[in-house]
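Questions regarding the structure given below will be posed in turn.
Order of writing sets the chain letters: A, B, C, D and E. Residues in each chain are counted from 1.
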Amino acid sequence: MDVQENAYNKRTAAPTQPDATWRRFKYPQSLYRYCALLLVLAFLAYAIQALNIDLARLSGFFGRLGELFSQRYYPPDLDYIMRPKYLHSVIETLQMSYLAAVLGIVISVPVSWLASYNMSPWKRVGYPLARLFIMGCRSVHEMIWTILLVAILGYGFLPGVLALTLFCIGFTGKLFSEAIEKIKRGPVEAVRATGAGELSVFVYAVLPQVRVAWAGISVYTWDVVFRAATVVGFFGAGGMGWYLRESMQLTALHDVAAILLSIIIVVIISEVLSAWVRKRVARAMA
Amino acid sequence: MTSATILDAKTAHIASCSRRNRATRYGIYLAIFLVVAWSVDVLIIKDTDWARLGNGTVGRTVMQFLNVDFSIVPDLLWPAWETLLMATLATLLGLVLAIPVAWLGAYNITPLGRFSYSIGRVLMTLSRSVHEIVWALIFVSAVGLGAMAGILAMAIRSIGFVSKTVSEAIEDIDYGPVEALMAAGANRFQILLYAVVPQVIPVFLGNAIFEWDINIRRSTIMGLVGAGGLGFSLFRQMAQFNYGGITTVVLAVLVLILFGEIVSRYARKAII
Amino acid sequence: EDCENPKALKYSIIPTQDTVRELALYKPVLKLLEEETGKKIEFYMPTSYSSVVEALLGKWVDIATLGPESYVIAHGKDPSIEVFATYYKKAHGVQPAGPGYKSTLITKKGSKFDSIESLKGSVLLLVDPASTSGALIPKSLFTKEIKEPLDQYFSRVAFSGGHDLSTIAIENGKADAAFVATHRFMNTVDAGKAKVDDFNYLWTSPRIPQDPFVYRSQLCPDLKAKIKKAFLDLDKTPEGRKYLDNVDSEKFVSMSDSDYDIIREAGVK
Amino acid sequence: MEVQGLCAGYAGRSILKNVDFKVGPEDFVAIIGPSGAGKSTLIRCINRLVEPSAGTIRFMGRDVVGLSQSELRETRRHIGMIFQEFNLIERMSVIDNVLTGRLGYTGTLRSLFRAFKHENVRHALTLLERVGLTEHVDKRADQLSGGQRQRVGIARALIQNPKLMLVDEPTSSLDPKIAREVMRLITEISHELGIPVLCNIHDVQLATEFCSRIIGLQDGVKKFEGTPASLDKSALDEIYAMEVL
Amino acid sequence: MEVQGLCAGYAGRSILKNVDFKVGPEDFVAIIGPSGAGKSTLIRCINRLVEPSAGTIRFMGRDVVGLSQSELRETRRHIGMIFQEFNLIERMSVIDNVLTGRLGYTGTLRSLFRAFKHENVRHALTLLERVGLTEHVDKRADQLSGGQRQRVGIARALIQNPKLMLVDEPTSSLDPKIAREVMRLITEISHELGIPVLCNIHDVQLATEFCSRIIGLQDGVKKFEGTPASLDKSALDEIYAMEVL
């Protein structure tokens, strides 16, 4: 600090003596913070103990993992995934996830509007119902949805697609409604001030603000649904999950590796594609 | 200055612009619809055995599920608690691991340009591409049976979602505060800490809570690797064909997630 | 000595429909095992075969109960996985007495499927890809009978995920025919979900050995002997008897690797 | 329009305390007062963007405070509002932003597909020319400078053909010449349509120049009401008295 | 500070065209001009928030345009900046916002734990008192009114003890009295520290009142430079000539 700066400090500090005891966290808060920290640590210790987690097993973790991948998963059995039957199941999986994602997203638009705290047009009844619906969809794992729906509807793609649709609503509905909850209030107020109805407010003040976020979430959702679709076949709901289960059961890890590889390839292709689509969509929406 | 005809021409121009936009939009909708129709045809209309669905067994099975078996509720208390603990540990671990990945994978703050950005993105893709069932199997080989394998599997899955959403949040932060700090001569780390972190904290915590409830859901299948919890209870009910019991376990998961919602409501209020 | 003598033994079992019914019954059995070996027993009950096999291969588990086929697979990957005993089943309905069971092809009585020929073009249910009686035996031995792969003979081949699920699916008409294991089928019957007389039994396989109890052969010989003894003597204590009753068995009998050759003949490597 | 005993606040903290005033037809009323006095809050109470906690607001023969949702919508159509922070819809074009001003009159289906009537589009273009944005008609709102944005906001309010204009610092982002022009424009429209204007404004000089009446607000309390001529030094001192700095 | 032949633009479109001027010590230079003239752009070029495409900016004996990243940081510490849109960190408290002005002088570890030096905290409190925000010290920035936020921004710039102040419309959200006070405050500091101020301002009257020199910008070209006294009607007309409305 140079001389000038000190001089300035003195001069500005001179007229009044500001409270020299200012603290970022005043007394009770500071205590609460330490208590909270302590509680978190105690909870961690308790949880580890209650779940019988033996941390000693982590020693040599990466070595074992490396060995596992280099010896048992590598090399992936590429012939396995090049069989037409398998490739056909990949197409089916893609179709299933596509269909479920489109259905789920279409259903999610009105549901998430109802389920957004700030913009719900029907707060008393619609809001809690929509929330509960989204939560119900989300509380059941996609594999369990599959098992349940297979039990009800029998084997085939129908229970698979439905399970994925429900899964998709649980996921998208929540993200969509959260995107709505984050919008700026200004434009909403401006549109409301013109005397527009709730639907117009949604179309003009909400949609333009969430459009890009929603497009992103939708593409991402498809991604997530696709990954989920790779396992609904475990329980007879169609797609490549069947092959994954078979090779896992047979501990044919080279096949498992190959299947994972094929999933990753599809995902990467879809990611490149979706980045491109998103760019196009963003431009088209501008 | 402007005559009425020019005004008319402009009006017509704007109308045609929006019409053109509308045309492309409808084109896209049509394409989406056609693929949907094709998929519906192949997967649902042709594949489903409608006769079998029509013979009343569907209704009967649904009724069996609706006959909720509350007698098993006491048996679910400890597993529910275990599930909660597992999901919490997995989420915490996942969040800690997600922070560096998000940092690498956000193009506006990634430390080494394209190189580190790609690493971040690859990690995100890997973590999300592989289903938790497969991760669980991998971790059984690495740490044996039990809750740890399940927790690791869930944590790895969490990385993908949290780091992706957080890095996206980082990519579209308000640049004003960043400029203000740049103008004050702050270094990169300080800008990260003061202009970026406060802006993405709501997203991070929001997604942490979301991920927590996804993990509650996930932990219901971690019974596969001996992780116990509600997943094992669910399996027991299924193995015994106690349809009503299955519904009860599913309801128990719903209660846990409802609990998560309430916690998240409070947390959100406190933080944002 | 160059053998393993761990402080605690890790024992893993896959819950099947019958073993999951009374979790309380495991406790006395584990206690007997603890007393016999003088070791602490860590017990794991995951719900998938593959994770037990992976854990065995990773040496995270010392004693395990596997399915016949997953045993053959695991033994193929790591010959130090050694079978030592299995249940000796009571005769019950379609299930014969002995250390094994059979795979049988069922259809709903009164449906048009009353012979193997009538099944052409129908919907077949298998249990899951690694199930011996529910997938493997049908795929190998039954196809010798029909001289055609299953998915050509039947219009659709699906997996139900459980013998009980298959049985009930047939009962409810959700599928036309299914291969189920005789003892699992009887469990479903005992649970009141189906009746023996409701079904046609169109084909029955040779005897398939029961779920093998295995340990890792690196364990010290006297420890292995104690473990084996604990199981073979289970029928001599009241708690053990209860446990055996629960799985419809009289006792444990000693088994060796060659008893599982029939599975290998069925095509498992 | 007539306001009586208006009180309002945020989360328990009361901001406006018992404010009364009247606005006659063609009145151009300026509200002045120090920062944080509650000027914006007052303006926003009139069309119930902030819910008043007590008082009445008579407008078009009804009490705005007691209106049902659909009546409120109907009333808001007739009130044009210009915001301090513009509140444009960033991702829409300038013309679309202006057209949102017509939403109160547009059917649900039309608004769903953004199919505004031809005459509205014409009107919008005329207004945009009037505020000097003809070149920017197709630009997205987020590509405009502060001043340009403010003018879009003004056009949006004008397209409503309002019966009352609420204006929250219309000139704070404009340079002095445009600020004058905008104030003149608002005055003109007020006269043309014969409607009253209620306007928050920091610039006392602009207020005295354009407005027919001035209300001074301090800490949520009305401290002054009168013609610009009567706003003398002592009145100003009273309005801005509490300020520290 | 001296600026020569400065050109800048966005995405190919050039905004500033060959601007030259000098700022002496204790100079208070106002930049006036119509909306969209490039005033903000000019200010932001000085500390390279907008990268100039040509020209030199001499400050503290160096050309800012050629500095490396770390030298630029070092230089920016000495330049306080006040933004048109405040650019506060919304979710931090007022005092923390002010303290961010010291980040250029604070070590990484200290800034990680927000452990600012005690003297900085005192300084911040003094400054907050000076701008009349003592009561709001612990409030979060997003709970302030426009005027209050602007004053936080001013305190943040002042805590840098800058050698040059860049100011982008400091008064656009303030009421006239506070606006004057703020301008006076900035003038005072400028004299106390003997540093020059470069200030965008819409309000020509405020500019002539407080500034020692005025630069008129129109469409990216310098149209006027001189003392407030020499800014007559014809000069103003030239600066604001192109405006349509």
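Operating definition for what follows: contacts are C-beta pairs under 8 Å (C-beta built on N, C-alpha and C of every residue); 3 or more make two chains touch, one makes a residue touch a chain.
Because the structure is predicted, anything quoted here is derived from the model rather than measured.
Chemist: Taking contact as defined at the start, I'd like the list of chains shared as neighbours by chain A and chain C.
Modeler: B
Chemist: Does B-D or A-E have the larger number of C-beta pairs in contact?
Modeler: A-E
Chemist: What is the distance in Å between the mean C-alpha positions of chain A and chain B?
Modeler: About 2 Å, centre to centre.
Chemist: Please report how many Å separate the Cα centroid of chain B from that of chain C, as a whole number.
Modeler: Using C-alpha averages as centres, the distance is 37 Å.
Chemist: Counting only Cα atoms for the centres, state how far chain A is from chain D in Å.
Modeler: Going by mean C-alpha positions, chain A sits 42 Å from chain D.
Chemist: Could you tell me the distance, in whole angstrom, between the mean C-alpha positions of chain D and chain E?
Modeler: Comparing mean C-alpha positions, chain E is 30 Å from chain D.
Chemist: Mind pulling the residue numbers of chain C that touch at least two other chains?
Modeler: Those would be 50, 54, 57-58, 123, 174.
Chemist: What are the residues of chain A that contact at least two other chains?
Modeler: Residue numbers touching two or more other chains: 64, 147, 151, 154, 156, 234, 248.
Chemist: Out of chain E, which residues touch more than one other chain, so two or more?
Modeler: Within chain E, residues 85, 130, 134 contact more than one other chain.
Chemist: Run through the chains and report each pair that touches.
Modeler: Taking the chains two at a time, the touching pairs are A-B, A-C, A-D, A-E, B-C, B-D, B-E, D-E.
Chemist: What does chain D use to touch chain B in their complex?
Modeler: 95, 113-115, 118, 121-122, 125-126, 129, 134, 137-138
Chemist: Tell me, which parts of chain B touch chain C in their complex?
Modeler: It is residues 49, 52, 55, 57, 60-61, 136-137, 140-146, 149, 223-227, 231-232, 235-236, 238-241 of chain B that touch chain C.
Chemist: Which positions of chain A touch chain D when the two form their complex?
Modeler: 186-187, 189-197, 199-200, 203-205, 208-209, 211-212, 285-286
Chemist: Under the stated contact criterion, what part of chain D meets chain A in this complex?
Modeler: Going by the criterion above, the answer is residues 44, 47, 49, 73-81, 83, 85-92, 100-106, 108, 111-112, 114, 140, 153, 156, 160, 166.
Chemist: Taking the complex as given, what residues does chain B use to touch chain D?
Modeler: Residue list for chain B touching chain D: 1-2, 7-8, 10-11, 14-15, 17-18, 22.
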